[in-house]
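Have a look at this one.
A, B, C and D are the chain letters, set down in written order, and residue numbers restart from 1 in every chain.
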Amino acid sequence: MINKIALEEHFGATEPNIVAQSEEHFTPQAWPRHRDMLLDITDRRLALMDEAGIEIAVLSLLSPGIQSLHDPAQATDWAYRLNDHAAEQVAQRPDRFGSFAALALQDPDAATTELRRAVTELGMVGALVNGFSQVGDADTIVYLDDPRYADFWATVAELDVPVYLHPRDPLPSTSPQYDGHPWLYGSAWAFSVETATHMLRLMGSGLFDRHPGLQVILGHLGELLPFNIWRTDHRLKVAPRGIAAQRPFGDYLRNNVVVTTSGNFRTPALLNVIAEMGADRILFSADYPFEDMLEAAAWFDALELNEPDLRKIASENARRVLRLGDRQSAASSARA
Amino acid sequence: MINKIALEEHFGATEPNIVAQSEEHFTPQAWPRHRDMLLDITDRRLALMDEAGIEIAVLSLLSPGIQSLHDPAQATDWAYRLNDHAAEQVAQRPDRFGSFAALALQDPDAATTELRRAVTELGMVGALVNGFSQVGDADTIVYLDDPRYADFWATVAELDVPVYLHPRDPLPSTSPQYDGHPWLYGSAWAFSVETATHMLRLMGSGLFDRHPGLQVILGHLGELLPFNIWRTDHRLKVAPRGIAAQRPFGDYLRNNVVVTTSGNFRTPALLNVIAEMGADRILFSADYPFEDMLEAAAWFDALELNEPDLRKIASENARRVLRLGDRQSAASSARA
Amino acid sequence: MINKIALEEHFGATEPNIVAQSEEHFTPQAWPRHRDMLLDITDRRLALMDEAGIEIAVLSLLSPGIQSLHDPAQATDWAYRLNDHAAEQVAQRPDRFGSFAALALQDPDAATTELRRAVTELGMVGALVNGFSQVGDADTIVYLDDPRYADFWATVAELDVPVYLHPRDPLPSTSPQYDGHPWLYGSAWAFSVETATHMLRLMGSGLFDRHPGLQVILGHLGELLPFNIWRTDHRLKVAPRGIAAQRPFGDYLRNNVVVTTSGNFRTPALLNVIAEMGADRILFSADYPFEDMLEAAAWFDALELNEPDLRKIASENARRVLRLGDRQSAASSARA
Amino acid sequence: MINKIALEEHFGATEPNIVAQSEEHFTPQAWPRHRDMLLDITDRRLALMDEAGIEIAVLSLLSPGIQSLHDPAQATDWAYRLNDHAAEQVAQRPDRFGSFAALALQDPDAATTELRRAVTELGMVGALVNGFSQVGDADTIVYLDDPRYADFWATVAELDVPVYLHPRDPLPSTSPQYDGHPWLYGSAWAFSVETATHMLRLMGSGLFDRHPGLQVILGHLGELLPFNIWRTDHRLKVAPRGIAAQRPFGDYLRNNVVVTTSGNFRTPALLNVIAEMGADRILFSADYPFEDMLEAAAWFDALELNEPDLRKIASENARRVLRLGDRQSAASSARA
């Protein structure tokens, strides 16, 4: 069994009651058990981690989490309290847990402030954002390439922490292509499309030209992008249509993106990502409790891949990208 | 140079003036040349085919073509006339060309009638549909899984011809995720997402349970689906949400779908498709004149892949799927 | 569990006492058990086949078997008797077993006669030859490209049956490179080198130019050849050194060779063979009892490869190459 | 064009007349030109390097070179003089060339002394050994796992330089399997088998247990070993036969071996090596003038592989393994 770090591992909370958001993803029978799994951090979750060979789980809030709270003040308040909650949980077993900050991007300045607090005071390793934010009302959606986030990204770059761009569903009101096909939502399809599109917006906005060192994490083996990045660049070469980006998107994918295996335990897809991005940019993850931690680990441990690359994907890349050692030391100092 | 068949090769016409639809895809400088390329069939196109080692090109109308004509009567009329035009062109060099019927799916009965005419009287090898149809007005869109198409699909199955599901762009009015990023439209990204989603709707609708022999052709190495089909099935297993489909989508992909290389000349992606679908279900294509026929052929001819599989992809699979010999004989008889 | 056919499955016998040859491959503790496994055909072997999902096992004598009997008369006699023994065993469960003929190639005419008898009278599906034969004395070795085998190969071609070229060890007297490293013998290394070299001799001799339809089966994912065939051809192009072969060796590999998975349960190697030879030329096998039938099947059944190709490798290719149905019908008629 | 380092690039000399050894590899027509190519270093070779995008070529003597000189004294003398010659050539363009020492392993002590001199005084980056040495007479062959080389390997480990294990042909007197098939010699086949077997001897001898940091370079994409290492280990697990090695051979392959692309410009094989060894252990090389530098570079530059891994293979891995910067600085100091 290979020693692993996982970094798309979700939690919920009842105070504030964010855990209720996940109910829709489960059948009534399955929900109570998964609710418990979301609320628990150091009990059953830790036992499963032991069984799966996961040394460290980097925690993040469930999706859409803060991003779907329309009221910026509420969003900011909840993010603050939930980050405190996560930090307290991590503090109980700092050897086994880390966390990504939840951010109320409905208020860019507040989000930036909270990111700084989370990283420098709470010892968090970065932020996880669940796609676009709904600002003011349900139908006003803002993506992270919006100019209002210029300072936010500058702060991310300054703090030198990764941002995990996590899926959320698009709004049904603007998704007639899913009408009558509810099973297309979520991780079956819509999650990947929505998140990939968001990532392409970031690339096209010139963000990575402004901050060449920025690292964005995508789950699910890259949300379709590694397979298709050649075709995107192939077209942009002849039809840039005023795009701000200065380099081919493949360059961004290979220098500013790392991907995790969360929820996509399929070897041919992994091999495609190795070919397109290299083993240095792939990180093991499970996506617990929406995915089965043991299934993720069993798949990974049985991969017929050379061990040096397996160790990179299992934990070495995560240590580098998250600077786990550094962060944990900083957190210790901050807490001391 | 490997002898090839290509089957996503587009043409336009001026009577009726369908060619004007393609202007938006080109810069003003590039448009006149590409307009000529769309209108020409047996001249420069044939010379390029010779140079590229393409023995047979299966012609189809440009996109969105008939699908974007809101008025069903006009759509039906144009489809009829453009199919006649295509058949006349093919008749000039039946050894070098075949064609897919254009269909006015705004009127399902008329489309069914026209498909039968195209196949049995004009010797066409199947139909090519540019995604959803706009019916009555621009904003009323109908996908091919709609119940109104029950007879249409039954006729496709009866005629035993493939349907090429070709990309078109989603409507901007329902695509806020592309706002401010016009370069995301078309083959850079939106084409693939829109077409893959359409294909998933067909799968989810139970269409392939009703017609297990049906063959749908997807361009561009499968419009993202081969890479991700495992993840879709992985989710549907636990969250079917009332889906009509009786089998995993991977089964449909491997039994009811064939993909072409049109516009996606990338070897790691091809290898992913070989792993997920097998070399029997991949067909060479270029996507002329939106892609460079010579670039497509140069990439393909240089592939470091065993020659039996190369020959399958180059032409043998196309002969099987399109039953080229059969069709051409039938057409000869019909014309005689 | 995928329904499989296996075709490198060995047996021994005590009358004549050929089973004693295999003792050297096992520790004293392991030998009695494996001796029993070699002698048994319809008991424990069949139970394991059921457990492994192997519908049909094509039996062949252990290695080096007949090939190491120096006296041509004895070799001929033993081959005859052991083929009768195999046929009797198969006849007990013709639905579950087939067999390859053992041939005393020390006497080419006798071997040719016996092959004809085995195929036409005993219903065997081809022959399995354990590399070079020792003729007259231990140190006189003859490979199958020797001119004395012209009629033999013509008969193989006429009967249209495959020949399985199975490994044997090179003679220690001519293998100083293994001195002091006994572990290099057998399936750890020497088997593959010796068998690959033998196959290259067949290719270089022009055999497949004389008999373009001939099919040779190689075990162990092709005995190193698929990985290296490009390099061999790359050199032969500039330094043919009077070679008789008229085509690149890659052509022979892809038209006259099929390979089995026997004893090489490694997915990256399998993917290399798929790339170089195509899924139509790969056949499942275990190499029982030198390999673990259940391990072979567990590996194969878990392969993340599209199901149509899996079914080809599992059984469809074997049915085609061995013409199992035809042979079994012929055998029934012959026995009737 | 990607900036590359190549490290299996051969030269010859007339004083002493080592270049004559290579005549047998060429037709009479081709020999004069290739003789010139072997003798030239800073003229046409440099022009080709510019054209191929090869910034640095690490030079080594042709094969079998010193290894086939039976007389230890002569071998030692020639090695000394040819190393001086190489160092002089490199000194003319230290920005474009490096070199591997030639060593007269017929006299282990002298070879050890010369290695130390070559590295510390001549600034060489390691040694290249052409397989076994003939000691005293043509038929006495000694492999590098022989106990007489204990001090030699200890010195290699102490100096922390790689040893390139380069092919040579086995002796015809012990190669009956090649009788009548002269085209099997050399890079068509015999080179790979002989070198792979030599490498397996090193692994089996426990050498890498004694010196865990030792790095051996194999050309030609690993001389068959990556494809087959699983099968070797699979057998050794059940039949170690007293082997000295303490770990699976796969561990040695992934920790003590790096491979170059010399003479094996085949992408499926490269992908197999990436899967089995990882992109960190693959180094570009051409094998000039036995291979075409431009062909090697054209193949490499067109590889559809992510650029970070391409850059590793092109030059970054070579800089790390050869410690080019360090060596060149040391050489400058030594020469100063």
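Simple rule for what comes next: contacts are C-beta pairs under 8 Å (C-beta built on N, C-alpha and C of every residue); 3 or more make two chains touch, one makes a residue touch a chain.
Being a predicted model, the structure only gives us computed values, none of them experimental.
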item	value
Contact-richer chain pair (by C-beta pairs counted) among B-C and B-D	B-C
Farthest-lying chain, centroid of Cα atoms versus that of chain B	D
Centre-to-centre distance between chain C and chain B (centres being mean Cα positions), rounded to whole Å	45
Centroid spacing, where centroids are CA-atom means, of chain A and chain B in whole angstrom	36
Separation of mean Cα positions, chain D and chain B [Å, integer]	52
Sequence positions of chain A contacting 2 or more other chains	266, 268, 271, 275-276, 304-305
In the complex with chain C, residue positions of chain B that touch it	250-251, 254-255, 271, 274-281, 304-309
Chain B partner contacts - residues on chain A that touch it in the complex	25, 27, 141, 143, 145, 170, 174-178, 181-184, 186-189, 192-194, 196-198, 200-201, 204-205, 220, 224, 226-228, 230-232, 234-236, 239-243, 263-266, 268-269, 271-272, 275-276
Touching residues on chain B, where the partner in the complex is chain D	266-268, 302, 304-305
